[in-house]
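Order of writing sets the chain letters: A, B, C, D, E and F. Residues in each chain are counted from 1.
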Amino acid sequence: MHLRVINPTVSTEREATTLALLTGAAASGTRVSAATLPAGVASIESRRDDALVTPWVLRAAREAEADRCDAILVDDMLDPGVHAAREVVDVPVLGSAEASMHLAATLGHRFAVITATRSTCDPVIEHARRFGVAPKLTSTRSLDIPTAEIGRDPEAALASMVRCARATVELDGAEVIVLGLTGVGGHAPAVTARLAQDGIDVPVIDPSVTALRMLESIVEMGLRSSRRTFARRPGATSSWPEPAGAGDARPMV
Amino acid sequence: MHLRVINPTVSTEREATTLALLTGAAASGTRVSAATLPAGVASIESRRDDALVTPWVLRAAREAEADRCDAILVDDMLDPGVHAAREVVDVPVLGSAEASMHLAATLGHRFAVITATRSTCDPVIEHARRFGVAPKLTSTRSLDIPTAEIGRDPEAALASMVRCARATVELDGAEVIVLGLTGVGGHAPAVTARLAQDGIDVPVIDPSVTALRMLESIVEMGLRSSRRTFARRPGATSSWPEPAGAGDARPMV
Amino acid sequence: MHLRVINPTVSTEREATTLALLTGAAASGTRVSAATLPAGVASIESRRDDALVTPWVLRAAREAEADRCDAILVDDMLDPGVHAAREVVDVPVLGSAEASMHLAATLGHRFAVITATRSTCDPVIEHARRFGVAPKLTSTRSLDIPTAEIGRDPEAALASMVRCARATVELDGAEVIVLGLTGVGGHAPAVTARLAQDGIDVPVIDPSVTALRMLESIVEMGLRSSRRTFARRPGATSSWPEPAGAGDARPMV
Amino acid sequence: MHLRVINPTVSTEREATTLALLTGAAASGTRVSAATLPAGVASIESRRDDALVTPWVLRAAREAEADRCDAILVDDMLDPGVHAAREVVDVPVLGSAEASMHLAATLGHRFAVITATRSTCDPVIEHARRFGVAPKLTSTRSLDIPTAEIGRDPEAALASMVRCARATVELDGAEVIVLGLTGVGGHAPAVTARLAQDGIDVPVIDPSVTALRMLESIVEMGLRSSRRTFARRPGATSSWPEPAGAGDARPMV
Amino acid sequence: MHLRVINPTVSTEREATTLALLTGAAASGTRVSAATLPAGVASIESRRDDALVTPWVLRAAREAEADRCDAILVDDMLDPGVHAAREVVDVPVLGSAEASMHLAATLGHRFAVITATRSTCDPVIEHARRFGVAPKLTSTRSLDIPTAEIGRDPEAALASMVRCARATVELDGAEVIVLGLTGVGGHAPAVTARLAQDGIDVPVIDPSVTALRMLESIVEMGLRSSRRTFARRPGATSSWPEPAGAGDARPMV
Amino acid sequence: MHLRVINPTVSTEREATTLALLTGAAASGTRVSAATLPAGVASIESRRDDALVTPWVLRAAREAEADRCDAILVDDMLDPGVHAAREVVDVPVLGSAEASMHLAATLGHRFAVITATRSTCDPVIEHARRFGVAPKLTSTRSLDIPTAEIGRDPEAALASMVRCARATVELDGAEVIVLGLTGVGGHAPAVTARLAQDGIDVPVIDPSVTALRMLESIVEMGLRSSRRTFARRPGATSSWPEPAGAGDARPMV
């Protein structure tokens, strides 16, 4: 099985981190390849950012299909373009938010989502409502660290994650934690271990790995998203400016 | 007051129709100008379409602010980019869907939304949930006519609207109707009259005019969207391909 | 357009305040007249009060229609008799609560309502549920000042409003504020300014002015409440004691 | 125990029917007395009617307390004035709608309410939402017979009730039926028997009798409504016209 | 009327306490008998416990029917086996939780449930959702005292109940309290009195007595649960190990 | 990985079918073993049946843990004992209903569940509410064939599944189907193919296989249910009759 993970940003550094995480987590028969967007933003922290990357996610999904990928993972807690992409390709498309929140709902009655920046908390809540799991989402908390800085001081970032996770358990009553730090993932085992040292025994979910495994299952069961929900419109056109050259770029908004 | 209506498509024909409708409906002190997108799609009938127009709606909103407009109306029943645009400009931004569904909720207990094509029914339901008025949305029905054809045979289109409106009242129990045919608007009075001839006395709401009036009120009361909900991120950057030339275009997805 | 504001109390002082506020806020083509009830209570702070004024609101609505008014505004955050009045007159009837809560829902995701007395908080929550906007109502807080005293020491009242508004933002997470002090209205701009001095930038809504503008829009669009929701019962009778004389009054309950 | 049933209309005929029904159903230690309103309407079929009787229900509740009654039953499926009356008296006050819908919710998962006239269906739905039992209310159906005519041809009325009850079971999936024909009550056993003849085995609830028994239980357990929900306002005044004489009456609205 | 209360545990001490409470509270025409389970657990404080007692509750219900009882009360705040028992017997079956939460919902807008141990709080919340009264359940709090110890130091237990009740009122905003200490019931009047001494005037409900009275009413009205909701399956079989002897027992899980 | 599937019935025939299905679907590194209950019922079609098997599911879970299994799958659309079993063992426990409904919610907006007998539809709806996915559950339909007969005439059963699936799509608007025929599973591919022949392109989910794959993922990610939600009570005892001998059995209820 060939699974394409779309890094929905222009950050090649993020692609490397994500590809390493998912390659390590994939089943033996799964080949993981990655794509980074040619345009958009460096990290997704607002509705504006979501809007600016989504067209490029759709194009990347089309390219994944042209490359004969069997499934597409859009790796971000805001799930940019996931539902729209299901309209334009035939293979399964899944986002880290939708996969991880549904898993969290099966492991306990109250889950929390931890994000990097506070501005993404509200969109996470809106997603939970759309996915139908809002009654089980107890709280969202953020590290208040820009994603870019998490990689620079990993020990400080880990300490911050643990503090934040404890707060969701002790102040908000969370029983399961989604460590929604997509792009700087892979910390779930370390956070779990630290919490256990403090006597806090809760599952800590890595959204990217969860989405990877859920997609593997979907492909192996021969399933995909419903065309009745996500209809393809044959013959739908669009018009987009011809780019001047590969290296040219300007700010959009 | 200078109000900019953004036609969130590339159709200049649609701009003309909308501008005529809103100019006729505006208060005496309101100047209405219009903007059409330089890229995107010709009509918005899917999540893909919504995704492809949204970055250009944001740019058009920025341009409206640069033109010192006092308010921005995004005229489409899918409200593309409305909430994201509130992040990037300071003036009030309102969409036809949000304005009209809230008005409908104040005129009766059960309202229906009529759209041109069936593929937009589901996104309308999702919007109603986000706006908080879903318990009052009784049904959505569509003419099953592409927007483009509505203008070609107005009498047939009107008959279709009336049939569809009757169905929402008689089969679905609707008590108020939102005539969500943005882009080919202005038919609400005629539909109301036809229904009255058949003994059906229900309010029929034009979403574009409703959003215009609601924006006028918001501006005159000195209000705008909350920065606590729609935060501006200072220094947020983006990268976008430099276009080759004004006239060049290609399909995006 | 002739708009009748019904002051749903027996307080003529309140009529003067409200009439001044709304006359100042009305569009140039709108004439505002006011009516005060001949019987009922001096201020509405409980379900009992609501019950005692409602029959007189209906009568005042009938009188407004007889006076050929184009619209009727019932100015109180408990919206006494608003929905019942829609059954007995043909012109649009709107209350300050319904208008302002729907506007608040469009300006942000979480709004708070500030009332004069604590006993009106619960009815406001019940109204929010009926209007369909309860998921967006974050909190209700009250000044704990009888309405009558607000006018006596305006500076102290203003300070109290600002304290209360800050609490809804900082403790409850409110992003939009409805200043539900109907009868002593007009303070929204001052509260907004004071909050801005403290670095709190949230919209503050005046419910009476909001209802006035929404009614103007409804009239100009040729709309009114749905007769399918608010049916008139032809031939419905009622019996009421003939009053002894104009000046005689006694307590009812 | 002395229980006062308030017939919230001006119909003395209805008082006689209700008093007979409840006297027959009361426990051996319960004395039932009845009160009919001096003003209001003859039957409650709209929000207007509810508004016109409510002040008189409050006064009747005060009189019941002055008569040292132990509990007050307001017997109508619209529960007019029930919650307001709890503010003005200390003894328990209960309405037929609230009591019967809660009982219905304990006997099955989906209940229907049958009313006399269609205009009362919507208020019943609103009540179900306020009581918190709306998820279990499957449908409302009405006989479409004015209450006054039900007594004139009992056999035709019974046949109509059975038809209506069957429709709620067979078309709407109801599993429990509230026979909401307050004022012409007592038919639940006959409807149950007729349905059983047709092989339909569902509980049929008489709302007035249910409220009577629930009030008896509340009194015997020494309970009453919470003063934290229904606060008494000491010193609250009201002003009401002195009536000219006992026999004089005029229409109110 | 012969009412059988099933003590859904193996504790004969609990049977005595409950039987005394309910015999004292029953109407003069009601005979109360009790049954204790031959197997299961000594107190119900988890889903495991609920699972282990439920088959024996069903058998006890069958035995009650064989004994020609008119109604069956399962006396525990987790209502173990109540809905399943309705399938296997024809007489009404009611649990203390369902009865008391519905009564609480009619006495105020926000009720709290107090339990003995914290592990039962979550199941109580799940029950409230199933009964349809979750919007009115404000909080659950527990004494954090094993049920067995409550009887040993009644004064300390009462003080703990009062502290817990105050917390639900003062911290959680509860307006009505369900004293969910089934098995050690009868303290509601004392808690009410202590709260009144502290100036807190809220109804305190005893769930067992409430269920008793509600069942008496149901029987006297000739009602029972709906067979459409709780269908009997004729001919349904089951297989269960033949017990070795009356006195032998071992742990199950 | 060693996964134990608990067949929550006494039917050894069902064990064979399920074991074959899951052995075929498991990943190469997964060993699947099965357990059948020593007591209970032959198929689970009511709340009574659920109650009678649940204690034995708990015991089987304990035995699976004693056998050093890594995960436990309870294979039935009523998920009997799943949440209780999480309290008594440390390894992950998952039921077919919870796993499949969450997957269905990610593949489309409206899913239907098909069951063998009508009596299980209501419990499925209750489960959907508890899992938090009820807003996405569009309908439940049953074949109205006892599970035992499905295996006897596979072609007739398949035709019945296809008819039922079409009805959920065409009459109820389902976009995804959960083929909830646990115990006679493995038909999802055939149903998908038949629907595709009729031009109906919707995902058809096999609940048992879905639960298997989800459990494999949970184990590989090192997760398990939250002990904060499903607490183990150390020292909890229970008493159960010593069985007379291995072969003796009698009906329980």
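By definition in this document, a residue touches a chain if its C-beta (ideal position, glycine included) is under 8 Å from a C-beta of that chain, and two chains touch if they have at least 3 such contacts.
What you see is a predicted model, and the numbers here were worked out from it, not measured in a lab.
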{"item": "Copies subunit C and subunit D touch via same or different residues, half shared test", "value": "same"}
{"item": "Over-half contact-pair match to A-F, picked out of the listed pairs C-D, E-F or B-C", "value": "B-C"}
{"item": "Chain centre separation (subunit A, subunit B; CA means) in Å", "value": "30"}
{"item": "Geometric centre distance via CA averages, subunit E-subunit D, whole Å", "value": "29"}
{"item": "Euclidean distance of C-alpha centroids - subunit C vs subunit F, Å", "value": "55"}
{"item": "Set of subunit A residues in contact with two or more other chains", "value": "109, 122, 229-230"}
{"item": "Arrangement of touching chains [line / ring / star / complete / other]", "value": "ring"}
{"item": "Chains in cyclic order, anchored at subunit B, direction fixed by subunit C", "value": "B, C, D, E, F, A"}
{"item": "Touch list for subunit B against partner subunit A, complex", "value": "10, 38-42, 45-52, 54-55, 57-59, 62, 81, 83-84, 87-88, 119, 122, 126, 129-130, 229-231, 233, 236-245, 248-253"}
{"item": "Subunit D contact footprint on subunit E (complex, rising order)", "value": "25, 27-28, 94, 98-99, 102-103, 105-110, 131-136, 169, 174-176, 189, 192, 201-203, 205-206, 209-210, 213-214, 216-218, 220-230"}
